[in-house]
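Down below are the structures I want you to see.
Across the two complexes that follow, chain A remains constant while its partner is chain B and subsequently chain C.
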Partner chain A sequence: MSKSALLTIHQALRRSFHSLENNQKLWKSVLAECIPLMASLENLAEQSRALSNVQISNTPLKDFPEVEELLRFKLSQAMDTVLCKLHENMASLQSLRDSLTNQVSTVVQLYEQNTDTLDLVTVTERSATIPSVVDMLEWLQDAERHYRQQFVRRKTLLHALSSGNLNFLATATKKWKELDTPGAEDQITDTLCKVSFFVESS
Partner chain B sequence: MEGDVTNVNRKCSAVTGSGRKLKDNAADWHNLMLRWEKLNDEGFTIASNIVNARRSSASVSPLCSGEAEGSSGDLVLGNSALREECEKLEDVVNKMAAIVAKMERLMASQRGLVDLEEFQFGPQGRKVPLFHGWNAKDFVSSCGLLLRSFTSELRLKRVLLREVAHCADRDLSLVYLSCWLHQPLVPARARLALEAVLLETGQRHLPG
Partner chain C sequence: MTSLKLLSVDSSDRGSQRCRLGPGLMTALGLSVGSPVLVSLPRGSCLCIAWPRPDLAEGFLQVDMKCCSPYFLRHPPSRLTLDPEQVTLVPCPKLKGMKISVVVQSVEFKRNNSPRFVHELVKDMLKASLREMLQLPLLYPGTLGSLGVSCPKGVLLVGPPGVGKTQLVRKVVGEVGASLVVVRGPEVNCFQTLSTVSPIYLWIWMFQVVRSRPGESEEMLRGVFTQACAVAEEGPCVLFLDELDSLFPRRSGSSAPENRLVAQLLTLMDGVDRSDRFLVIGATNRPDSLDPALRRPGRFDREQVIIGPPTLRQRAAILSVLCEKMPVCSSVDLTELAQRTTGYVGSDLSALCREAAMHAMRENGSGEQTVALKHFLVALKLVRPSCLRSSLGRTDLAPVAWEQIGGLDDIKLKLRQSIEWPLMYPEAFSRLGLCRPRGVLLYGPPGCAKTTLVRAAASASNCTFLSVSGADLYSPYVGDSEKALSQLFRQARACAPCVLFLDEIDSVIGSRCNGQAPSSVQTRLLSVLLNEMDGVGLKTLERRGTQKILQVEGAEENQTAEQMSSQEVCNKDVMVVAATNRPDCLDSALLRPGRLDHILYVPPPDQQARLAILKVCTKSMPVAPDVCLEELVAGTDLYSGADLENLCKEAALLALEENMEASSIKHVHFLQSLKKTKPSLTVQQIQ
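Let's look at the complex of A and B:
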């Protein structure tokens, strides 16, 4: 009985690590897509600021009195387009986060349902190729927490950028990159390494 | 419009006469606008080079005629190279002027079709549409918007051409570049007008 519970949990853990590996790849690619979008926002904000600093009626553009309003409209439309794409990327991140969260809570639930049949020795036992159940659960929960926190921080930043404050937008790329946590990402890569034999075994 | 609504993807066989002319005109409008966009991109690159050259040129002797390194390491254009870029930009603006001239000719041809329609069918125009629902006046109205937009934008481009190499103010230079890139005098409505013309003449189809 203990053996079959262990087998079920192992299977669920394998699915979770597959999901985590997939998650990590897709998460990185979505974040990479956001970098040029942040640069666009900065660029458009700079153009808007320049327009605000200029008195059109004192320049050679004075023959086009409507140009200021029309240009401002186009710049704001362009910013909206970029923000829209960023929101779409944020939705992708949300869906990745949700999928991992679901996967991890399923396996934790399964573990909790079987605590009667699984003794301490079984869940802490590890071999050269198979880490212990408790270690694997801990690593999964750490990874899930990392993505949950990352999502909240990035969503909050996007919300602030959407407010249209030009001075804030001027350093959009820097602020976005400041949210990177290479340490946590390295830990997830490390985890996937540690469980690679386990995941590949059937 | 009374009567049955035509299926928007109905193929209209306008092989002769006014229908043919309008269909060809619509295709010409589309091609002219594509060429304009290409020239706009080309012009933006040249104008950016000119503005960047002006920004860096303060740190280099104004007497040099070739290219040199500025204090920040950017490639700096000397006087003759800068003049060359300005000539390239002038060339772009002249090509855009040629496009607007072609647009004027298309409009003249479309107005001619309105006159013909009035002659044939009276002041209300034809009762049975050539395509889905428009008569010749509708084409003139949509394309008129396009012509007005591009004529204004060309006027703006000429001012930008004249001023971009002489502007020392950083913010104003950026505004000039913004104006070139974003074409504030060509409203989004103008592109929609072109799409409407293409849809009407069956050269665009609605999905589904």
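Let's look at the complex of A and C:
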């Protein structure tokens, strides 16, 4: 009885770790795409700040009508395009987060349904190749929490950037990079290493 | 069971809401992995999910404080020894609903997202000056210091009740993003509230200073200043002393507790040094009853930023703000409503709107609600301007139409010219450089409809009508009558355009030339009247709105706005209408142009007028067809209007005497009554 329940849980955990691994790769690639976008956003902000500082009427460009308005329009259009792309990336991050959350909550639910048959000794039992169920649940939850927080922070930053404050935009890349938490990422890699025997054992 | 040692939480567990326990304890408590537990600690508790320790050791407890009593946010518990009973399993009912309230605390955010709703009054210069005082020290802290200037620390707001002093302070404070510390009068508590006045959330600290035991109030006041200092550390802060006159009255000779409170305030205000970035704002409607020591630079520096009752345009703006949230019928013209609400202050207007809405509700029941003009008109009768609430001259007159007065067409025209025209055609008046007459004197023999004429004029125009008689002004105390008269003028000016009616002016106001003692009450009243009608200028206390000069060539403004502004300029004065039977008894200074400009003789009715009067009088009477009014007119020489009315009444009574069931009044009755009555006018009177 408890054996079969344990096996079901193990299967579910394996699936979750698989998807966690995929998730991690995709997440990293999407974030990598964002860096150049942030740089170009910063660049555009710099350009429009320069435009505000210059007096067009004092330059040779003064003979062209409405040159300042046209330039400003162009710049803001370019900024909109970049922001649009960033938002698309955010959407893919969101779908990654959602799929992981679903996975983890399925496993936890499965465990909760079987708490009667699985006593504490069973779930805390660990061997050299297979970590205990409790530990694996814990790691999954930690990873899920990490992605959840990351997503909200990046989304908030992007929201603030969309307000068009030039001074704020000028430091976009720096702010974006500040949100990276290499420690937590390493933790997830560690986790994946720890469970590698368990995942391959089936 | 052994006791548990509380250890600080592992860094990897932070934010996970886990509570690490030994597996043995979990089994003993009947917990499974992930079950919710409540950990009761001294001074609060903490909600977590149970999780076995990674090393499976017993006797230790680690709690993540993600969901705990507020006390632990600042003082995380550590090195405690707990009993296992302090960890309990929490039953876990299904979530039925959730309420989330978002409190935005960033000042930056508030400033960028300030709402569009701005009270009209705040738009004025006043706001700018208040804001400047709040923001200057913040923006250029170094500059002020290097100039050796201490920035102003106190503002005193003076204005009649209900014009929005408190509202103004709250609004400006909300816009600047400052905190507000409010001090109020005699109650007990000191509490914090989250203001709902403005859509921006704003922390307000309210204090009630006055306490019963000696010394306590002063202590409270010191506490308020300390609190303000503490709040000012975090950002701009305003200390608002509402109803300043009741808290800090003029010090008297005896050692009243108020004296000590005033002294304490003075000390505290002087003690506020330059680095403390907070502003003290006091509000009062009786500046004269404040202690003079408070009103000097260094304490309340910006003295008397005065808010008068709103002018016509301000009223229209206030009404539009108030009606924004109401389902007002589209036919309601707010400009017209603003014209009808002379002398109403902001709170009166809001009461008016409330009353109108209530009336609409009563009428329509629970159906679709729109507030129409008729509801406003009903409400206008109920809500009276608070400026006039305690005024002497406030009269409730039965409306009289011009048609109800027979004859006297040229007098009517003159009166309309002076009272109605400036209200109706202000732009025409200003185009020709005319201004409204200051005063009109009606004289003529008694009973010739002088008072009725004024009544008709008042009910035809929408201006405020104040009537005053000798009895209102009489007082046994020296100087009291004069004060009452000048008070009356002040109130009338607050509610301009206004008609002030002085009936029987010869008896109220004396003359200087016909042998009266030079210091009698009448003479003094005369001097007050002369001064009020055409004196040197107004007191600064009465200034209203911003001073506007009428521009003829302001083409950009649309027409209604222009009309409104010319009306404001044209009608800011009080018009005095006086009536007397004895114009010769009046002082010549009163009769010159600039005071009583128009002197109109109301003559005894001539033949045609008498016919018109008789027609008006008999309109409501069933007159037999044989009655010949022309014959009566011929026989009623020297009869005044009042006499003619009496004649008709007498005839009706005679008809009733004859037969109680009489259905009409016959010519005979009129002739009989003509014999009975005598004319009240004499030839001498007319000359």
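Going forward, the second predicted complex is superposed on the first by the 202 of 202 C-alpha atoms of A that agree within 3 Å, B and C clash if a C-alpha of one lies under 4 Å from a C-alpha of the other, contacts with A are read in each partner's own complex, and residues count from 1 in each chain.
To be clear about the criterion, a contact is a pair of C-beta atoms (placed from the backbone, for glycine too) under 8 Å apart; a residue touches a chain by one contact, two chains touch by 3 or more.
Quick caveat, the model's predicted, so the values are computed rather than measured.
When the two complexes are overlaid on their common chain A, residue A:Glu178 makes contact with neither chain B nor chain C. In the superposed pair of complexes, A:Asn53 makes contact with chain B only, with no contact to chain C. Look at A:Asp98: by the touch rule set out above, it reaches neither chain B nor chain C. In the superposed model, A:Leu61 lies in contact with chain B only, and not with chain C. In the superposition on chain A, contact of A:Leu70 is made with chain B only, not with chain C. Legend: residue contacts after superposition of the two complexes on their common chain; A:Glu88 is shown touching neither chain B nor chain C. When the two structures are aligned on the shared chain, A:Val108 is found in touch with chain C, with no touch to chain B.
Using the contact criterion defined above for the overlaid structures, shared-chain residue A:Asp186 touches neither chain B nor chain C, since it reaches no partner. When the two complexes are overlaid on their common chain A, residue A:Asp80 makes contact with neither chain B nor chain C. Once both structures are placed on chain A, no chain A residue is touched by chain B and, in the other complex, by chain C. On chain A, the positions that touch chain C within their shared complex are 108, 111-112, 115, 119-121, 123-124, 134-135, 137-138, 141-142, 145, 149, 163, 187.
Residues 46-47, 49-51, 53-54, 59-61, 63-64, 66-67, 70-71, 73-75, 77-78 of chain A are the ones that touch chain B when the two sit in their complex.
Interface residues of chain B, counted against chain A in their complex, comprise 152, 155-156, 159, 162-163, 169-172, 174-175, 177-179, 182-185, 187-188.
Interface of chain C with chain A (complex): residues 12, 15-16, 18, 23, 26-27, 32-34, 51-52, 54, 56, 112.
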